[in-house]
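Before anything else, here is the set of structures, which you'll find just below.
Here subunit A shows up in two complexes: once beside subunit B, once beside subunit C.
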Partner chain A sequence: MSSSKLLWASSLSIGIDRDGSYYPAVDGIDFYIGKGEILGLVGESGCGKSMTALAITGLLPDGVAIKKGSVLFEGENLIGMPEKEMARLRGRAISMVFQEPMSSLNPLMKIGKQVSEAVRLHDPKPKREAERLAEAVLGKVGLQNPKVLMQCYPHQLSGGMQQRVMIAMAIISNPKLMIADEPTTALDVTMQAQILDLLKSINQEYGMAMLFISHDLGVVSRFCDRMAVMYAGKIVEEGTVSNIFKHPVHEYTRGLLESIPRADSRGKTLASVKGRVPNIFEKRMPCAFAPRCQKVQDRCLKCDPPNIALSQNHTARCILAENESEINYASI
Partner chain B sequence: MKKVAIYAARRLATAAFTVLLVSLLIFIAFNLVPGDPVRLILGTEASEERVAALRALLGLDKSLPMQYLGWISGMLHGDFGTSIKYQRPVAELIGQRVPVTVTLAAFSLVLAFAFAIPLGILSARKKGSISDKAISFGSMLSISIPGFCLGIFVIWLFGLKLRLFMPGGYVSYRTNIPGYLNYMLFPAIVMALPNAAVALNYLRSSILEELKRNYVKTALSKGHTLKGALYKHVLKNAFVPLISLVGMMAASAFGGSIIIEQVFGIPGIGALLIGAITSRDFPMAQSMAACISVIVVGSNSAADIAIQIIDPRIKLYK
Partner chain C sequence: MPAYEPLLEARHLTNYYEGIGGLFGGKAKKALSDVSFDIGKGEVFGVVGESGCGKSTLCKAILGLIEYEGQILVDGELLGSRYTKAQRAKVQMVFQDPNGALNPKKRIGWIMEEPLRIHKLYSKVERLKRIDSMLELIGLDSSYKTRFPSELSGGQKQRVCIGASLMLNPALLVADEPVSALDVSAGAQILNLLKDLHQRLSLSILLISHNLNVVYYMSDRIAVMRDGQIVELGKAEDIYNSAKHSYTKALLAAIPDIAQERAAPALGAGFASRPEAGPEIRAEACRYCSLCPDALPICASESPELKSVGLDETHLVRCHRA
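Right, the complex of A and B next:
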């Protein structure tokens, strides 16, 4: 089992130390990404998804630190790895694509240089060769006229084109894992679909595993193999996309699923999860979701919810999950 | 590149118009200053005929618009008028002294940025460290000490104690260039220090601001170390706002060298300008003020054009 796991995070906690108090942003999460697999990490803003992604690559902002836990990547612990070694891994073995392509590219550097730099940082190729490769990859991610594009500055490109450039940089060294943090959120709907298709084809062609961070369950259902739902720094439900969509157990997951617009919900008011995610400086209930939960019970406010395995590929962190017997997904 | 050329042409046209406007203001200002140069030259006892004769000779009998046009058209032909005090062409008097002030200004700018760039980078990289605090204390100090105090201190330390130069022993560039540069180094340091402090703080906060931008995260995710990302990506971006500062400093270095020239006994344009104003030597003062305005406007325009070349995004077609 462990040999098929590319990345394995266990009891990962990330937080902020301020004025002698510790505030957790991510609170002891466990998850894994199999080789060539796409794991969706979903939840509202402020649940700790991006922090998790940044922690993997050692890019947490100042003041935010990993408190405990480990992240094994091909058996090697990334937590506590020296900066230089980590830098060698970034881009070559693990690459990233961010939410806002416009601000994620250096405004004063030509596209060609930015893309070919991604190669040359890891492979001391001659400049000309790296540029040829960059041009080829820019074509590969569906950009027209890569030769001309190489000479352009980021502001001369549309948002979709910029995101393709970001993806080109993220795949050029053929890494094993790509972390995509809301890669389509800043794009319009048609562009979103195109970028997702592109990422899917990259996943299939290169067998590149992906950690796909999104708040859009609709996208996750089409795009990911497995998913983990995060709420207030904890993974509240985890499993294959088909299992969770067929039989969501945690009330938060159910709420998110109900808030996806569907063809048959046309004309009806879209459901939403009432309330908001507590910010990390707020005191939390044992089950952080309890204040928003429609089925909240006295026990939820007193003891930590257990993490219950509903099947081999489905777990939920909720007291109510205890009542779920072995689920027969096929019958649903 | 072509766009930049068009921009440069427009910018220079604006600059020329600005200078023209400034020249008009200078002319009006000098005519508002109380004190009659003719009376000043001839004394209060002079006869009306002599006063009138001198007036005619100096062209002061013409109407003000005519005087202004005469001055401007002369300037455009390189004739800056004749100094009343020295009875010699203004162009010649300024020409002798401009190289000295230009050296001082240029020297001080180079030194200012030679201090500011490495120290600015260092204090940004080691934000909050002892060295950052020491640098910020030092820069605070060099901004708050008046130039002449700093000048006197430099003369005492480098001139009298360390004997690296001879205070008051100005060496002309005409006779001994190494000696001249050696002498000029110390007033240039005095002028450079406050500028260095300003530029350093500017650069520090500019770097810290740029480090928060998303493209830095991208650079790191590609495999840069923080240092690599700083030098390959952040610095160029951080320098852009610094360029306009260079323009402003170049301008103020030229106008602001007067006190330092006095303290170090350097025959730059400073002494000439003060003399011209106190003796109501209008042709001289007027032309010098106009020259300074050309330099101020010119260096700011040059900075704007440089930003256009470096940053492809900013397009100020105005």
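Right, the complex of A and C next:
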């Protein structure tokens, strides 16, 4: 099994040390991404999704540090890796696509130069050759007229086109893993649909694995193979997308699913998760979700919720999951 | 159901933007072309479309923030090129990003009092009383008056924006993407709040969104816009369940719905080549004809009119096939 895991994070903790106290942003999470697999990481803002992604790429902001844990990428531990080696992996083996394409592109540099730079950084090729490759990849991500486009500045492109350029830069070195942090949140539905189609085709064609961060469960359900739901720095439910959507166990997952307006929710009040995510400086209950949980019990306030395996491909961190008998997913 | 009485009537709204030298050449762009619709009293009217379809221009026109050709009537009164204060009070606005809409250096009480101050309404004591009751109405309490926006979560800030826009008792609330900047759970709470206010205050709402699910959840009627035109308009059920225009069908298909099976067709179908790089379309052609899977020969030569389908004349479609 372990040989098919591309990335394997275990008891990863990330936090801030301030005034002698430690505040955890990510609190001992375990997950893996198989080769060619798309793992969705979902949760509200402030749950630690982006911190996890930044920790993997070694791009954590100042003041935020990895407290403990390891992230194995093809057997190599990324945590504590010297910056020079990390820089070698970043962009070549692991690439990233961010939410705001406009702020990730250099506004003063032509598209052609930016994309070919991404190649030459890792692979000292002649400029001509890098440009030829850039043109080919820009065509591949569905941009028409890549030759003209190479001479354009980012502001001349629409949001969707900019995101395609970002994706072109991310796949140009043929990485094994792409980390996409809310890649479609800044785009509207139709453009989102096209970008997701593109990412899926890249995933299938090159067998590139993805860590897909999103707060849109609709997107995750259509796009990912497995998913992990994060709340206040912990993974509260994890499993295959079909298992979780058929039978969500954690109250937080259920709440998220019920807050989406759907075809059949017209005329009803949307069930929403009351309250908000605790910020990282607040003291948390043993189960951080307890203050917002509708089924909270005395035990939730006293002891840490155990991580319970509901089936081979489905775990939930909730004491109520103990009562779930063997789930027959096929019958639901 | 009470008799239908129009609150807002928009007639033949047209607006041009100056041509900007873009990637594919610049010329005057019609942001709105001959948009006509009305919103009934106590009705929630939804407008959907992709970015660049003219949704936000429409909303600016209604608020009198830009110049336009055509007429807008509120309560039967024609709005001139400059709105009077009383006219402005009737139509209020909630923006997409609550973080940008609230002055970070002012307390919530000050922000909510501002509309009353500008319109010189009530005494100081009376104003404070009204702020308290408004805070209660939007699901906060009077202790929020002394807080700064930075102390509030995104959802709470959006509540404050809604509350401030309701201080003047507007007849119409224009909400431009009110939940797209929020998390799903906060977004659900805001939608519930808007629905609640709509019922309690019999408020009319013009809801603009690119998310057809959100619009369907909230609205009585829906207009689908594309390229500055209304391509389909009708009761929410008709639009959602029996869409006639192929653009509306494509929009519906683009929503990644958790209820759908994963084997559903690719999300992007129907948008495969967006106009950003599309061929030059003849001015008199249907603006969707190059992307339309059901295009007829006539579509390339004649622009379709908005015409009614069905018996009760509430469902309008701009398509030769309808």
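Keep this in mind: the second predicted complex is superposed on the first by the 331 of 332 C-alpha atoms of A that agree within 3 Å, B and C clash if a C-alpha of one lies under 4 Å from a C-alpha of the other, contacts with A are read in each partner's own complex, and residues count from 1 in each chain.
Operating definition for what follows: a residue touches a chain if its C-beta (ideal position, glycine included) is under 8 Å from a C-beta of that chain, and two chains touch if they have at least 3 such contacts.
Since the structure is predicted, the reported quantities are computational estimates derived from the model, not experimental observations.
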Taking subunit A as the common reference for superposition, should the pair subunit B and subunit C be classed as clashing or as fitting? fit
With the two complexes superposed on chain A, say which partner A:100 touches: subunit B (first), subunit C (second), both, or neither. first
Answer with first, second, both or neither: which of subunit B and subunit C does A:223 touch in the superposed model? second
Check whether A:306 is in contact with subunit B, with subunit C, with both or with neither, and answer first, second, both or neither. neither
Superposition-derived comparison: subunit B or subunit C, residues of subunit A touched: C
First (subunit B), second (subunit C), both or neither: which does A:80 touch? neither
Taking the superposition as given, does A:207 touch the first partner, subunit B, the second, subunit C, both, or neither? neither
Which superposed partner A:266 touches (first subunit B, second subunit C, both, neither): second
In whole Å, subunit B and subunit C in the superposition are separated at their closest C-alpha atoms by 11
Counting only contacts in the complex, subunit B reaches subunit A at residues 213-215, 217-226, 228, 232-233, 236-237, 240, 310-313
The answer for subunit C against subunit A in the complex is residues 22-23, 50-52, 153-155, 183-189, 191-192, 195, 210-214, 216-218, 236, 240, 250-251, 254-260, 262, 264, 266-268, 271-274, 276-277
Can you name the residues of subunit A that touch subunit B in the complex? 57, 59, 83-84, 87-92, 95-96, 98, 100, 103-109, 117-118, 121-122, 153, 155, 166, 169-170, 173
Per the touch rule above, subunit A residues touching subunit C in the complex are 44-45, 143-145, 148, 152, 156-161, 188-194, 196-198, 215-219, 221-223, 241-242, 245, 255-266, 269-274, 276
